[in-house]
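Please find the structures below.
Same chain, two partners: subunit A is paired with subunit B first, then with subunit C.
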Partner chain A sequence: MNAINRYKEVSGTTDKADHLWRYTPWKKVHPTGDIKIVPEIDKEVKLRLINLDGTDLAEGISLQKGNVLEEKIEDIDPVATSFIKAVSEKSRWVLRTERKFTSEAPILLEIETNSDFNSLELVLDIGEMSEFEIVTLIKGESDWTGFLRTGRIGDGSNINDITVCLQKKGVLLRLDSIALGRDANMNTGTVSSGSERTKADLRYRMAENGSHLQVLGSILSREDMYLDYHIEIQHDAPETFSRLDWHAACGGKSRTIGTGMLKVAKGSTGTDAAQNFHNLLLSKDAEADGIPELEVSESNVVGCGHGIANGPIDENQVFYLQSRGFSKSDARSALIAAFLNSTLVKMGSTVLHEWLSKLLTSELDAMNK
Partner chain B sequence: MKTSQEARDVVGDYKSGWHDTENSTIRFDSGLSEKVVRDISKIKNEPEWMTEVRVKAYRHFAERKMPTWGNMSMLEQIDFEKVCYYLRSSSATENDWDEVPEEIRNTFERLGIPEAEQKWLSGVTAQYESEAVYHSIREDLVAQGVIFLDMDSGLREYPEIVKKWFCSVVPYSDNKFSALNTAVWSGGSFIYVPKGVHVEMPVQAYFRINAKNMGQFERTLIIADEGSSIHYVEGCTAPTYSTDSLHSAVVELVALPGSHIRYSTVQNWSANVYNLVTKRGIAHENAKIEWVDGNIGSKLTMKYPSVILKGEGSHAEVISVAYSGSGQHQDAGAKIHHLASNTTSKILSKSISKDGGRGSYRGMVTVSPKANNCKLNVVCDALILDDESRSDTYPTMEVANPTARCEHEASVSKVSDDQLFYLMSRGHTEEEALALIVNGFFEPFTRELPMEYAVELNKLMALEMEGSIG
Partner chain C sequence: MFKRDSVCTYTMESSVPLLEIKNLHAGIDGNQILNGINIEIGAGEIHAIMGRNGSGKTTTANIVMGHPDFDVEEGEIKLKGDNLLDLETWERAKRGVFLSFQYPQAVPGLQVGNFLKKSVASIKGEEAAKGKNFRELLKKSMKELNMPSSFLSRYVNDGFSGGEKKRFEILQMMLLQPQLAILDETDSGLDIDGIRTVATGINSSIRGTNSGALIITHYSRILDYIKPDKIHVLIDGKIVATGDSTLATDLEENGYDWLEERVKEGGIN
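And now, the complex of A and B:
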């Protein structure tokens, strides 16, 4: 069955009782609002793969355009996935690294979204024992962008993977379905301060023994932004480890949503997993919602837990900074930056952190203007 | 099959026919229709407005779809046409124990109800199938104006109060099962505590399902007037049959300014009972509502005691424990809505899954935009005792006020080997050690119960833990 028919078959099956669709119904994400329509997107999305510091890319990494094999994607929402597959025919890419690929410099994958509608499918094929950092930067002024990323992190690989969403407007539908190989180690971060509406469904599967995952979020929402992130981590193998640490600062009339699902399958002995959502509410009209869920079917675990905390900026901390010479607004900005930086700092190397910090600072300045 | 003449006299020739089974005085045939709903109301000689509420609720129930969340495969097994919606085993509610029919009396005596009443209760209601069969209250409380009746008597004797508050906290349209309860409710408790009166000792209701394929739909309404307090305790049991029974209650609590209601439940339905209950309270200014909720039995429990913190300074607490054994799914939790400023709440949930059982915490806390300076704390702990069992946590937190401080934490773990080893080094067998650890795990719940209930719960848990090792 091709993707269009597959989408038409499932398009009406989203249910508010499913926490993935609780806060953002599919019709709000769909580019036309009419969920029966599959629009034709004739322009391809522009991609650029470079080193963050401008040096040449190391040998062993490639970004190839072409048909992606019609692989079966498990454990991901069929509606959004089949829709992106249906409208991404002209923008299918594979990012491949050879076995033992390493790069000293962080790599930047730029996705420019300047036509009205953009949709892109990217397959990650990360070779065994690879070691590198990659930033995927989504920017532009499109009305609607779909981005489906699937793939596998090779055995024993060690990668830092950060996605930065800085679109000036429009809707971003972002889907991840990534499996981790044996003893693979993945740090995957999201830095977001863009798009009017984001609907993200990020899923990671610890399919083989000894895999290690850290999912991090630094989310700054302002004005009328509506950012809805669903993160699902599935432990399907013994001795696997995962942490989710999600920090969202919500100002203006914005709303951020964080729904997390941590599943531990029977037989995943020795699992060590935790999820934490922290929300900082910056204005009286902002709202932060969260549903961190746990489904544990294995008794012999190191521990499985989750937590969520919502609160305002601590006025004692503001007062302290004022006593040290900060103005009130500078004190607040510094505390917001520190709150978001606590996850940002874990996303990658010092070089990468500096680059991300600059980006975050300029976004905070934009919010304060 | 012999038909019941008394029933015929009241409602005419019932199309599905009447029959006496067990020792029932009246038993409706299985199945639900608008006529069944009207007939229940007619048998009880209710005012017209109540009949109309029942009929509206029935129509809503018939139209409303089953929930598309929770354990849908278990919910789909409920066959509403096989349930008996009304069964009366005694012709009246007695206030003299000796007047209760002997078999029913024996059942409740085995459950220890009369003994408990003499020792530590302010009042007792005992419900058998659809109707209350025994009811009593201490005379000094009557003298202070406390009303403690079964719900049917409450409607007969205090229709204005019931009309004012009935469905005010849980409207029939709230969910499919609250609609079902409103359509066919029978029995339950009606309590009114006047201003400033403190009912020192708990009042108790005991619910017993005895017949096969029985539906029990009690309705409880508790109103605590300004500055008053009351502790209500309920217990539930049923015999084991190969076919399923349905228990779908609605409880409404109204805590007026400065009052305090504590509602404790020890649910030990047999493993063939669907326990689908809606419990909700409204707390006005500086009032306090506590739900202390223990779920040991049933096939599927879906119960989320909730509190609407409507008045400034009000407080809610929900302490719940759940034990899920073989074939059981305890889907329990709590919901708290902070609508007013300076409101506080606390949820503590503990669950144990064993022998393939599934325990789920499902909760919701919301803070509305106008509710300033709210504080809430949610803690969920789960123990999984073997490889066949499962534990889930589904908490929802919606915060629309920047001054709110909200925390939620949950953990799932196994029994610590260190704790087992220590207790065994002090002379306990492994089984005793496990039972002690489990009782300790549930201790924050048991310490909130009246002592006799706490002792009973510990015994129940020790029985459930038998055979856990090896």
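And now, the complex of A and C:
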């Protein structure tokens, strides 16, 4: 069955009012609003793979068009998945690393989204014992962007993987379905200060023994943005570890949503997992929701916890910084930056952190103008 | 009034006190806390305020620094003759008022090194936070306070022990070199070595300079190392006694009851 027919089949059973993961109706993130339509996207999305510092890429990494493997991705929402597959005919890519690929310099994967509609499917095929950092930067002024990322992190690999969303407008529909191999270690972060409307469904599966995952978010919403993130972590093997730490600063009339689902399958003994959502409300009209959930089917675990904290900027902190010479607006900016930095700093190396911090600072400056 | 200095020139000795608090009445949420406080601190002087919990010591400190929650109903606060009450907190900081907090705020995500630079740049100017001079002052001050350089990469007061918080407050004071330092129970939670270290930092920042300090404390221990010029005792939002360092010893030995009795009897106003 081709991708379009697959979408029509699954969407035909979906009521228009159905929400994608409860909070965002599918029609709100569909490019036309009419879920029966599968628009034809004739332009391919432009990708560029370079080192962040401008040096040559190390040998052993490639970005190739086509040849998308049939991945097991039925865990993600079938409507959204089949839709992106149906509209990504011209933009299917595989990012592959050889066994023991290493790169000292962080790698940058740039995704330019300047045509009206863009959709992209990317498969990660990360070889065993690879070690590198990669930033996927999504930017541009597209009306609609779909981004489906699937794949597997090879056994014993150590990856810092950050996705930065800085689109100036439009809708972003982003789906991740990544499995971690035995003893693989992955830090995966999201830095977002863009798109008018984002719906993301990010799913990670601890498929084999000893895998280690950290999911981090530094989200800045402003004006009328609507940013809805669902993060699902599935522990399917013993002795696995995961942490979800999600920070969202919400200003203007924007709304952020963070829903977390932590699943521990029977037999995943020794699992150590926790998820925390922190929302900082920057205005009276902003709204932030955080909903962590657990489904634990194994009793012999190290721990499974969840928590949430919502609140405005602490005026005592503002007073403290003012007493050190910060003006009121500088104090507020410093506190927002610090709040977002708490997760940003865990995403990667010092070099990468400096790069991300500069980016975030310029976004905060733009917000304060 | 004229004074002859060591190079045989004549300068006018300022008659304007460094800090002048006059008849200060203030409170919070309609509750009166301060009932007419008067304090005058000259340049180079160190004063101490002692008093029981709830007597108004921390309120006094917060009001001088400009905490927005407190309402000043009456009175004046002047720094070198300039009215502070019309200024925002950060403007007071730029004029040279520094408050070492009893409970300093933690700011996870804000690195100590960046915070110090920004703070020095805000108060003393961008140039003061750059280059060799800043680095040397930072290194010297940290050494004096027994703080390792790894401290700079931590987050402001995040996970600090009680002693580390107090040392960090004093480090900021040493870098910002304020005109007036208010130290709100900087000695509480410190062991003897910590008190000695902090006292050394305070003495080196204030003694022999034109700056002044107001030390708020419950105990006389820190005063053994600092030797204030004057000690004020605060009861129910009013200064009921002022004396030299022997007053601290009396309070340590006899408590506050005898003073309260004398206030009730009308012996002290």
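In this section, the second predicted complex is superposed on the first by the 355 of 369 C-alpha atoms of A that agree within 3 Å, B and C clash if a C-alpha of one lies under 4 Å from a C-alpha of the other, contacts with A are read in each partner's own complex, and residues count from 1 in each chain.
Here is the rule we use: a contact is a pair of C-beta atoms (placed from the backbone, for glycine too) under 8 Å apart; a residue touches a chain by one contact, two chains touch by 3 or more.
Only a predicted model underlies this, so the values are computations on that prediction, with no experimental measurement involved.
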Quick check on the subunit A-based superposition: subunit B and subunit C, clash or fit?
fit
Can you tell me whether subunit B or subunit C touches more residues on subunit A?
B
In the overlay, answer first, second, both or neither for which of subunit B and subunit C A:A337 touches.
second
Going by the contact rule set out at the top, does A:I126 touch subunit B (first), subunit C (second), both, or neither?
neither
For A:D314, select first, second, both or neither according to whether it touches subunit B, subunit C, the two together, or no partner.
second
Which holds for A:R324: it touches subunit B only (first), subunit C only (second), both, or neither?
second
How wide is the angle at subunit A between subunit B and subunit C, using CA centres, rounded to the nearest 10°?
80
Touch check for A:V345: first (subunit B), second (subunit C), both, or neither?
second
Applying the touch criterion given at the start, work out whether A:H306 contacts subunit B, subunit C, both or neither, answering first, second, both or neither.
first
For A:S283 in the superposed arrangement: first (subunit B), second (subunit C), both or neither?
first
Looking at subunit B versus subunit C in the superposed three-chain picture, what is their shortest Cα distance in Å?
16
Footprint overlap on subunit A, comparing subunit B with subunit C:
none
So, in the complex, the side of subunit A touching subunit B is made of residues 15, 17-19, 266, 279, 281-301, 303-312
Within their complex, subunit C touches subunit A through residues 65-68, 88-90, 93-94, 98-99, 101, 104-105, 107-110, 115, 118-119, 122-123, 155-156, 172, 176
Residue ranges of subunit A touching subunit C (in the complex, touch as defined):
314-317, 319-328, 330-331, 334-335, 337-342, 345
Residue set of subunit B touching subunit A in the complex reads 67-69, 369, 382, 384-387, 389-414
